[in-house]
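You will see two complexes here that share chain A, one where it goes with chain B and one where it goes with chain C.
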Partner chain A sequence: MTQTTANHLFGPLDPAAEAGYPDHPPRLGFFTDTTVCIGCKACEVACKEWNNVPEDGIDFLGLSYDNTGSLGASTWRHVAFIEQASIEQPKPLGAQEPGVTGRHAPVVDLGMPSTAPPGTTAGADGRTEFRWLMSSDVCKHCTHAACLDVCPTGALFRTEFGTVVVQQDVCNGCGYCVPACPYGVIDQRKGDGRAWKCTLCYDRLQGGLTPACAKACPTESIQFGVLDELRERAAARVEQLHAAGISDARLYGADPTDGVGGAGAFFLLLDEPEVYGLPPDPVVTTRDLPSMWLHAGAAALTLLAGVVSTFWGRR
Partner chain B sequence: MAECHPVGFQWVMEAKARGAKIIHVDPRFTRTSAVSDLHVPLRAGSDIAFVGGLINYVLSAGKEFREYVTAYTNASTIVGADYVDSEDLGGLFSGWDDETHVYDPSSWAYEGVNVGASAGKREEGAGAESAGGESGAQGAERSKDAEQSHQFGSGGASLGEGAKIQTDPTLTHPRCVFQVLKRHFARYTPEMVQEVCGVPPELFGQVAEALTDNSGRERTSAFCYAVGWTHHSTGVQYIRTAAILQLLLGNIGRPGGGIMALRGHASIQGSTDIPTLYNILPGYLPMPHAHQHESLDSYVERNGSATGYWAYMRAYAVSLLKAYWGDAATAENDFCFDYLPRVTGDHSTYATVRDQIEGKVPGYFILGQNPAVGSANAKMQRLGLANLDWLVVRDFVVIESASFWLNGPEIETGELETTKIPTEVFFMPAAAHTEKDGTFTQTQRMLQWHHQAVEPPGDCRSELWFYYQLGRKLREKLAGSTDERDRPLLDLAWDYPTDDHGDPDAEAVLQEINGRGPGGDLLSAYTQLTGDGSTSCGCWIYCGVYADGVNQAARRTPGREQNYVAPEWGWAWPANRRILYNRASADPEGRPWSERKAYVQWDEAQGRWVGPDVPDFEPTKRPDYVPPEDATAEHAIGGSDPFIMQADGKGWLFVPSGLVDGPLPTHYEPHESPVSNPMYAQQSNPARENYGGAYNMLNPVPGDPGEDLFPYVYTTYRLTEHHTAGGMSRFVPYLSELQPAFFCEVSPELAAERGLEAGGWATIITARTAIEARVLVTDRMVPLRAGGKVIHQIGLPYHWGPNGISTGDAANELLSVALDPNVHIQDTKALTCDIQPGRRPRGPALLRYVENYRWRGGITAETGKQARTTGPASASTQGSTS
Partner chain C sequence: MVPEAEFTSYYGRPVVKAPRWSWDIPAYLFLGGLSGGSAMLGAGGDLSGRPALRRAGRLGGLAAITASVGLLVHDVGRPERFLNMLRVAKPTSPMSMGTWIISAYAPGIGVAAVSELLPVLPRAIRDSPLGAVLRVSARPAGLAAAAIAPAVASYTAVLLADTAVPAWHEAHRELPFVFIGSSAASAAGLGLVFAPVGEAGPARRLATFGAIMELGTSRRIENQLGLAGEAFTTGKPARLLATASNLTAGGVLLATLLARRSRLAAVVAGVALLAGGVFERFGLYHAGIESANDPKYTVVPQRRRLEQEGPVRADS
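Up next is the complex of A and B:
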C-alpha cells in the first residue's frame, strides 16, 4: 500500500479529541470474537427491536442459514454463515467424518470466497473436513470515517465516545456517504432516501447501557467496552487460540495503523477477511485528500505561473 | 443445543473456554456442531446402538468406575432365573405375549422378589392400540402400566412384595445385573456401530476414549439431550441407555456429571411437575384409575412403596387433596378422593385425537400449542378438530389450530367443507410471559420467577385469569345445585386475591403450591407434610418454594456473591437441591471420590453431611448405617445408598419393574426405516403403539412390496429463528425475515441423485401426504453408509404453516403416529420418504398424487403396523393384524 503520513484524515489518532471533545469519555467499541459465535442472530433482532429498524425483506436466499444477505439501511447487524466444505487441511473447530468412502480426496482450495450457493461447489468426493463459520458484522466506526468526512450536511457526526452516528433529521439523502464507506456498510433506505447505519446504540451509551446487540449475545461473541481494553483482551484471545493450535486466528480492524486508523468495531477471524465478505485491506477513501489538495494546489500554482509568465513575457 | 437452546448454550461455551471437550452426535451438522470439538453424524434412529456401543466399550475394556458401580448401582443384584434376554430371543425379552402384544414383566424381577405391583387384573373398556392394532381388554392391560410409568419421573417403581434382594458384590454371578448387562451389549461392537449407525470405527473410538478418559474418580462427563432422543417409538429406552452408561462411568450425582434433558419450551419441566398430562397429578402422583383405585387407601397402597420416600405417598396425596378442596376435604370423606377424575386407559393426546375423529370428544382446549401444524400427522389433528362441538384456542395470534376450518389443507383438497364443519371455535387472546407474573421451571428443576413488565394489550389475559374466571363462572352457574356430580366443582377452594383486572395474585397460587401447616403457616419442606389432613400442599416436590414466607423462586443473588453452586438464584425442587442424588459424589464411607470432584461429604465431627449444595440424603444418617430388617420408608435406605427415591436405594442399570417395553434398551429400527434391523430379527419395538387406519398410513418396511418407494430418511427439528409450531415467531417480522420460508436440507449428493435445484422447490412424499419445500443444498448433510446401503437423510424444520408472515407447508403433515408405549410420545425423528424436484400438486390433484404412491406400494391401513417380526421380511410376521 502506498505509505501516507499520518494526518487528520489518516493514521492513528483519538477521534473524539480530534472532533473537538476536550474532556471526552474513553473511546467505546465492539470486539466480535467469531470463534464463539453460534449464529443465533439475537444481535440482529435485538438491534432492530431497540432501534426500531424495519424488516428488510422476507426472501429465502438459500445461502446457508443467512437470509439477511448483507448489512444495509435496514440491517445494522448481519450474521454471515460460511460453509467451508473443502479446506486445505483439517482445522480444529467442528469436523464431520462421513461414513461413505471416496470422500477423502483433498480438493485444492484457492481461498477465494464462494459466490455459488453452498454445496454446489463441493464435489461429492471432496469432503473430509468441514467447517461452518459464523460472524456478526457491523459498522466499523472507523477512526477515519470517510462517510463522515464526505457528508455535506453534517448529518454524520463523531460522538464523544468516538463513534460515528447519522442524525436522521439532518440527513438530506444525498448519498455521498454510500460509496465513501470502504466496507459497504452505510446505505440509503428505499422509500425514505436517507442514510442509515449502526449508531452503536448512541442513546444507550448516553444512558450508560450496553448496546442492544452485545447485551443480547448469549456467548459473549460480541463484546462491548473501552476500545483499548478490548484490544488487549483480543490480543490475549488470539495468543490463547494460537497456543491451542488454531494458527489461523487473527484480528481484523484492531490495528490503529491500518487503512482506517483502526476500527472501533473489530473482529477475531479464523480465515482471510474475504471469506467473511470483508475487504482485506480497507483504506479510508479520503486518505489522499491532503495530497490531492496539495497536487491540485501545485497544479493551480503552475497554471497561475504559466499565465503570469505569459503576461510577463509580453511586457 | 446451540440451535434450540442458545441461551443455555452459553454455559457450554464457557465450559469449552475452560477446557471442556464438546462432542456433538447428531444426524445433521448444526450450529452446535459448528463450535464443537467433534461432530459425529449418525443415522437417525440408531442412537441406542451408538450409546450401547459405548456401554460395550466400557464393559469389555473394564473402564467402568468399579467402586461406584458396585456400591451405588444394582450391578450386583441377582436377576431371577426366568429372565431371558433379547439376545437370546431374536430381539424380544421374556414375557412377550404374541396375542396381546404386551409384555408380562414378571420374569424381569430380581431373584427372590415377588413382583405384585405391576401385574394386575385386566380392565374393561377400550385401551390403546398397540402395534398390531389390538384393542379393548388387551390394550388396556398394557396401557394401565403405561399410565403409571410417568410417576417414576420422580423415582423408581415399587419392587413389590417381600423384597429380599440377593447380591453378588464380586459381580461374577452369571445372573447378576452386571453380567446380564455385559452379555446384552456384547454384540454392540464398533463394527456393529458402523453397520447400524454409519459411524466409522475410528470416529467411534475417538468418542469412546474421550468419554472414558474424562470419567472416573477425578473427572466427570455430562450428557445433554433434547427431543432428538425422546421423539422415538423407543424414546424412553434411549434415555435409559444414557443412564446406564453414566452410572457405569460414575457420572451421576456428581458435579459436572448427569444427564440433562433440555426441554422443548421455557417451562415444560414445570408442566410435568404440575402436569398438563392426563395420567399424573402434581408431584408425579399417578392419576387414580377407575377400577384399581376405589379408595384413598387402595390408591396409596397400589402406588406407594414400603421403602424410600414414596412410602410417604399418603402425606403427599392428602395434602394435595386439601389444597384442592380445603375444608371440604375431611378424613370422613377420604379427603374428597372420589372427586378426582379417573383414567380408564390411554387418554394421551393422540388417543384423544383418535377419539375426536371417532366422534367421542365434544370439546377441546388448546393453550400455547398449535397441533394443526405442530403435532405428528397434522391432518389427523385437523380431522379431530373438525369433529368437535366446541374448541377454545388461547394464543397471541390466529394460529392454524384456530383457522383450520377456513384455510386448512383439507379445505383446498375438498376433503372438508367449511360450512359442514360442526366445530364452534372460540379464540381467546392470551397474555405473554412479559405481561404476567409467574414462574418458569427449567431443566435443572429450577423455578425462576418472572415479574410482569407491561400490561397485556386489549383483551389479552393470562392463563391464570382465564381458568380462575372460568371456574368462578361455572361455580356461579352451578350455585345451589344438589346434583352430586357438581360437588367437586362447588367444593373447590377457589378463593384468590385478584387485581383490578380480576387477575388472581400469582404469588398466592405459588403459596398454595408450597403448602401450609395446621396454623396456616407456610411450610418449608415436604418432610413436614402429613396424611392426616392437617397440611395442604399443591405439589409436594415444590414444598419449600415459599419457605420462610419468601418467594424463593424470585431470588436473584448474583453468582459472584455466593458459592459456585449458586443456591440463592431461584429455587430448585426438591428442597433447593441443585444436583440430585448428590450422596453419590462421596464414596461409600462418605469421603469425596477425589478432591477435584468433592461436593457433598460426611463430616464426622458435626455428624452430618456437608457441602456447597443441599445434601440429597437424610442430613445426619451415617454412611455406615445399615437398615434393620423391618425398616420402612427412608429408614430402609442404607447409609451408602444414594438413590433414595428408588425402593432399593440403587441406580438401576437393569429395570426389573416400571417399563413396558423391556428391562434393558435394545436397538430396534424406527417404525419406518429403509434398512432391516442389522442386529435382530425383530425389526421395530414390538410394544410400540400405532393408531388408526386410513388417516395414519405407514410406509412399507424392508421386505414389503413397496419398500423402494420411500428410500430416504427424514428427520424433523427446529431452527434457532423460530419457535416450535410458529405461533410466536412466524407472525413476527424480525424473526420471519431470518427464516422466511419452509425448506428442506439435502446433501449435494442427494440433490444430484434427484435433480434438486438449490433455491428451487422440492416435493416430499410419504404414505400420509406430500408437501413442498424450498431446497437448501448443503454440505452439512452427509450421506452415510449403514445397513448395507448409502443412506441419504433429509432435514425438515417443522415450524411452518399457512398463516403468518413466513409461510410454508408443515413438515408434520408427513409424520405418522407411532408411539413409545411408556409415555405415548410420537416418533418425529426418523421416518422414510421420497423426494422429487418441483412443487406439489394442488387441490384434489394432491390426493390423487399421494394415492398413486400408495397404490404403487400396495399400502393399506395395516402396512408397517406388525408388532412382531421374525426376519428381514415382515411378510413372515407372526403377529396378528387387525
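Up next is the complex of A and C:
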C-alpha cells in the first residue's frame, strides 16, 4: 500500500464543510450496482430529458450494445457493455443468478424457460461460457475533484450536498478541467465552448427529488441517497455476493482514503476497473501540486541565477 | 525500448481526455517563455550598459507576451468571458495563478518597452509629461518585470503537469527545468538576432545555460520516467523533440564558436535557437496529447503500481 499523509489536497474529508458550508445537509451520491444493470439505457435517456442535454452524435460504434461511447459534454450517463467469452471458469453475474437478488425477496423458481444467454447456465459440454457485463458510468463527484481545483474562473463549485457542478453562466471555456479529470468525464461542448458534465441533478436535489437517472432505473442498479448509507449498503451487498461465490465482486471508489478521497458516485464491479474503461487506481493530480510548485520555484530561481551569472563580472 | 505492455481497456478507448486545445497553447507556451527570458535579458542589458540588448529584450518581451495572451484569449471557448479568470485567485489552479502572474508582469514590460519607442515617437509626446514619466519609470518597470519573469517562464510547466495527462503529470518534477531552459535559450536567440556582437556576450552564455538545462532535463524525462517516457520517444512527439534538440544544440555550437566574430553566424544561431524553442514546446505538448489518447499510458502504470505496492491510500 502506498501511504501518503492526508491534507487539504488528499485523503478523507467532508467536502461540503471543506468548501465552507458550516451547516450543510448530508453528502448525497450514487451507488451503481452493476450486477443488476440490464443495459436498458433508461438512465442515459432520463438524464438527457431532464437536463435538456443535446444529441451527441448518432453513431454506430460496433462496441457490443454501446453506441454512446464514453462520457462527455453531452453524455452524462454512459452504459458500457462488455461481452466476455471464457472457456475456462464460468463467471457468475450476481443478481442474474438465483438466490443473489440484493435487497428484494428471493426469487422463486417457477420452472420457466431461462432468459439467460446460451452457455451461461452450467451443463452441455463444449459450450463457451459467456458473460455480458453492463455498467452505467457517471461523474464520480470526487471528494478531491481535480476539475474543480484547476478551474480558473470558479465556474466549477462544490454544492452543499458535496457534489461538483459547473455554473454555465461563469464558465469561459478554458478547457482546463478536461485533462484534469482522472476519469475523463468532463468535456467541452462543440459550438458552445463551455465545459459540461453531470450535476447529480442539482436542481432536483434542491427540490428534494431523486436524480433523473436513479429515478428511471428499473432495476435499482443506480441507487441514490446519503453517501454513508450507500457505502454501508454496498459493503453488505459485496459480502452477500462473496458468500454466494461471486468472488469477482468489488467496490470501486467507495474508500474515503483512496486517491480521490472517495467518490460521491461509486460502483460495484465484477471485473477490473479498466475492463469498464475506468482507471485502475486513480490519484487526483493536485495531490502532487505542492511538489509541482516547489519544483517550479526551484526552476525559477535557477533561471534567475543563470541569467545573473551570464552578466556577472564580464563584458 | 520498453517491451510492449499487455493491458486491458474498454475497446482501446482513452481513459482520460486530452485537452481540446489547438496549436494556440504550445505557441502560447513558447511565447510566454520567450517573453520572460527576454525581459530578464533586457533588464541585464539595462544594468550592464548594453543598450541594444536592453532594447531587444524589452521590445521582444512585450511583443511575445502580447501575442501569447492573444493566443490564450483566442483559445478559450468563450473569449468574451476571458476576464472571468480575474474573478478568483486559486493556488490550486495554475491557470488562475498564471493569469495573475501575467497581470503583474505585463504592465512592467509594457512601460519598459514603450519607453524604447520614445526616440521614434513625435516630439510632442517625447516632451510631454507622459514622455518624462516613461523615461523615469523605464528602469524600475523593466526590473519589476524581470523579477516576475522567472515565474512567467516556469508556471506553464505546472499548468501542464497539474492534469491527469500521464506524460505531463509523470514529468512534473522535470518539466519546470525544461521550460526555464527553453525559455533561456529562446531569449538568447532573440538577443543574438537583434544585438550586435559586442553586446551579445550574455546572450551567448545564456544560450549555453538554456540548452544544458533543456536538453539535460529532457534526457532525464526520456530515460527515467518509465512508460510515460515512451510518449516523448515515439512517433510525432519524438520527431518534433529530436528536431528541437538538433536546432538548439546547433544554435549553441554556432553561438559559441562563430557568433563572437560573425554577425551573420549570430543571427543564424539565434534563429536556430528560436526555432528549437518552438519545436520543443510543440513536441512536449504532443507527447501529452498522445499519452492521453492511448489508454496504455493511464492503465499500465496504475496497474503495475497496484500489483507492486498496492492501492494508493491516505493514512488517516
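In this section, the second predicted complex is superposed on the first by the 251 of 315 C-alpha atoms of A that agree within 3 Å, B and C clash if a C-alpha of one lies under 4 Å from a C-alpha of the other, contacts with A are read in each partner's own complex, and residues count from 1 in each chain.
Rule of thumb we're sticking to: a contact is a pair of C-beta atoms (placed from the backbone, for glycine too) under 8 Å apart; a residue touches a chain by one contact, two chains touch by 3 or more.
Owing to the predicted nature of the structure, the values given are computational and were not obtained by experimental measurement.
In the overlay built on the shared chain, the residue A:I38 is in contact with chain B alone; chain C does not reach it. In the superposed model, A:M134 lies in contact with chain B only, and not with chain C. By the document's definition of touching, of the two partners only chain B reaches A:T68; chain C does not.
In the superposed three-chain model, the partner touching more residues of chain A is C, compared with the other of chain B and chain C. Applying the stated contact rule after C-alpha superposition, one finds that A:E49 touches chain B and leaves chain C untouched. By the touch criterion stated above, A:A236 is placed in contact with neither chain B nor chain C.
Touch criterion met: A:F60 reaches chain B, while chain C stays clear of it. With both structures placed on the common chain, the touch criterion links A:L278 to chain C but leaves chain B unconnected.
No residue of chain A lies in contact with both chain B in one complex and chain C in the other. Residues 1-6, 9-12, 63, 69-70, 80, 82, 146, 149-155, 170-176, 178-184, 186-188, 192-195, 255-259, 261, 272, 274-283, 285-286, 288-289, 291-293, 295-304, 306-311, 314-315 of chain A are the ones touching chain C in the complex. Remark: chain A residues 35-36, 38-42, 44-45, 48-49, 54-62, 64-65, 67-68, 83, 85, 92-101, 103, 117-120, 122-124, 127, 130-134, 218-220 touch chain B in the complex. Against chain A, in their complex, chain B makes its touches with residues 2, 6-7, 9-10, 13, 17, 24, 29, 31-41, 194, 198-200, 202-203, 719-721, 733-741, 743, 747-749, 751-752, 758-759, 774-780, 782-786, 790, 805-806.
Interface of chain C with chain A (complex): residues 7-11, 13-21, 36-37, 40-41, 44, 47-48, 75-79, 81-82, 84-85, 87-88, 90-96, 99, 150-151, 153-155, 157-159, 161-165, 169, 172-173, 175-177, 179-180, 183-184, 201-203, 205-206, 209-210, 213, 288, 292, 295, 298-299, 302-303, 305-306, 309-316.
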